[in-house]
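Below are two complexes that have chain A in common, paired first with chain B and then with chain C.
So, the complex of A and B:
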């Protein structure tokens, strides 16, 4: 799941930046790696890919700051 | 500078901090993340940074760059640079590197203030490039230029004021905005124009030392001047919203509650996201007393819905290009009528306006024309671009040797019988998306300059959620296999993120007008179904 999410972020939000490395612990929100429309795309991807719905209440920094946090959140919802 | 405080002088932006440090030393000046600076701390630390900059050779009028995301250090950087007599140049950390390098070269920026989280980008920025940069303050790392940590800054003496004479006519900051040819324009403001804005906004919105201002805008966006300039003038507290919160509305509403914000100022989009995904019904935001929005039109239905959620708050539409900071205001007494955007309102104090036609003649009452503004808050011009500066102003000679100088906003307005101004569109192809100015000509120009593209046309599209998207269309040079993704990625190296088209459609030809120009309205109609499928 880590890999799927990282591949999605690299390919869909950073197409063309071949040297980009993202680890599961990287801060995606504070570093500028993902902006607000990008985050909506990621949430859409998660909903489709893992068959869950993410209600606004769960769209928080705690759940989406890093790929690791997203994985934990998705697992808790499946 | 210490004397200035004792004597109560207040003609520089930095005087506001010194004065508030004298009057309310323990009042929090800026908060960000879980840290804060009181006014006394900010006054001391800005002196230390200023002394260090001067020791490194920074002199009055030199430009110092700020390469920070939304964090507490922005306040320190802004005031430390100005205290050294220098001019701060805020940079968008997410802008294409080539654009940032262009600004660094144009402003001959030798020193940059940054942070550890930017390390990767800084490495790419300086790697193998001829730049005027000599040092970066705010992180200690292995780079081809000297790096200085904050701890080293805090070793500077606190009892000495930086040397040098600065007056209100000196430059304080240069803020960059998009230009129509693709090279950005640096809007030059002095201490006088920045402070004039601070004074006018403090009075217009009745700000006091009790206020807690939510600053959502990044420092390279003029909306940030309320939090950074006006708050210190009145001794209020500015809460800098960290980047992560700007992307997560449910967390943002929690922060607004926790920080008991009383004033909010942002682009409409941030408020719409709060309304739609901020779970406002679960938050106690009763401390909010005044909501300011600006940068673009607030869709009336969303505005009405938000006013219903926060009945205790006043709502105001703020208007003014960054060249004049702000020039009109409009306080909404009631939610806007259905489908009617809020008016721009009336020009505020110390400001004059003209509404002119194409021949620079005043239009009659009720007619549409371009708005021109003369104000204490107006810029000096565009850095290093005297031709553009001259074109930006209209000089009306009122007596031999004395002219009134008006800034041409490029915005078309109409004044109604009640004297209120209404926004009627643009003279050129500039649009606003998420509050940012984008020149569609510049996007077309960059598309056309890609070798794979023969012709390009770009136009705005308003989707079902009333967001303005940028849609591109191209004719390729033969069938060269270039995909939409390739084009957007290539543009990403030239244009800031907010100026990138959301979609680019490939066509074999464009609809044309009689004179063989691309017929953009017809093109839009032709593509409408496809666009709707993707963007709603």
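So, the complex of A and C:
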């Protein structure tokens, strides 16, 4: 799941930048790798890909700061 | 695919239209001229159940369950039958950008404390986001909320706030952790009369003159911990959520206005005769009417799709941006066409046709300008 998310972030938010390295623990928000619009796109991807609904109150830094946090959140919702 | 509406939704829209046509004060031209908001009309709307459409009955809502599609159609009917576009704007702002976030993000105590009064028309809500130096770049806000014993101290200024001068409940967004940028923003509920909250006088404006807007200042304004809406840092989510709903629903009533405008235009150009024939027989006039119809129907499709997505609990960022852009620009263009078709008569204030044009201009500015909607669309396309 973490590889799928990283691939999505690289392909969709960074135009497939081959030189971009993202680890599951990287701070996506503080580093600027994902900005507000990108976050909304990731949430749409997660909802479609993993068949869950992300309610607005779950869109917090704790759940989306890193790919690892996203994986944990998705697992808790499945 | 099925484009039809359930009968009970259509029937409710008819009820809303009848209420708006029969009950609301028709003296809108006078209120517009003097820039007066009708609290009486607001209370009548609440009594009918308009404000309660965005929340379930358990918190004072009109129906057992919140039904976004029914609410969309109802507000479209409201705009069709009520010529007070400012009242419709105020209702939608109150319902979707204050009541709804309190319902979605609020604690049970907050829901019970504020929502019944808001739905009943006793309390008016304001959404305080925009600042003098943070308009389109909304996340660059300067208003701060410093943690202190038992709560927060708010310091800053908001402007262009719908209902700011008279609101009873203000939902304000402020920075709680500047180091986290847009992820360090939180939302707070501030009640009228709170020490340090200054509600400035109503500011005069070009259109939507029947709904008050103005500035709010927060000077060492203490907000107890229990008045924070959602978790600390939930501001990003609350803003994104509110803006999406705002863009989806705030213009539903303007779609109704466009329908009314088109019907009135068709009626006029078929009755008005010049050069021995109805002016609608002239191609230049007929083409403008056809364009008005096209704008109405494309806006309608986008509105219904966005409303359907939101009713399914799905994200509608692209659809909301497309809708906001298309509907607001369409209302503006069609309002100008209505004046061109109506000629000198439409230029007179007493007809109300020129008021639609003034009211329409705000739509391409508030809740994200048309330029911003285009940026969102382009960005979501990967540009």
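Here is the rule we go by: the second predicted complex is superposed on the first by the 77 of 78 C-alpha atoms of A that agree within 3 Å, B and C clash if a C-alpha of one lies under 4 Å from a C-alpha of the other, contacts with A are read in each partner's own complex, and residues count from 1 in each chain.
By definition in this document, a contact is a pair of C-beta atoms (placed from the backbone, for glycine too) under 8 Å apart; a residue touches a chain by one contact, two chains touch by 3 or more.
All values derive from a computational prediction rather than experimental measurement.
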item: Simultaneous placement of chain C and chain B on chain A, clash or fit; value: clash
item: Partner chain(s) touched by A:60 [first = chain B, second = chain C, both, neither]; value: both
item: Touched partner set for A:34, first chain B, second chain C, both or neither; value: first
item: From 169-177, 187-195 or 259-267, the chain B stretch with C-alpha clashes against chain C; value: 259-267
item: Contact residues common to both interfaces of chain A (with chain B and with chain C); value: 15, 29-30, 35-36, 39, 56-61
item: List of chain C residues in touch with chain A within their complex; value: 104-105, 139, 180-183, 230-231, 233-234, 236-238, 240-241, 313-315, 317, 376, 379-380, 382
item: Complex contacts: residues of chain A adjacent to chain C; value: 12, 15, 29-30, 35-37, 39-41, 43-44, 47, 53, 55-61
item: Residues of chain B defined as touching chain A within the complex; value: 69, 93-94, 117, 121, 242-251, 254, 273, 276-279, 282, 485-486, 488-490, 492-493, 497
item: In the complex, chain A residues that touch chain B; value: 15-16, 27, 29-32, 34-36, 39, 56-62, 64-65
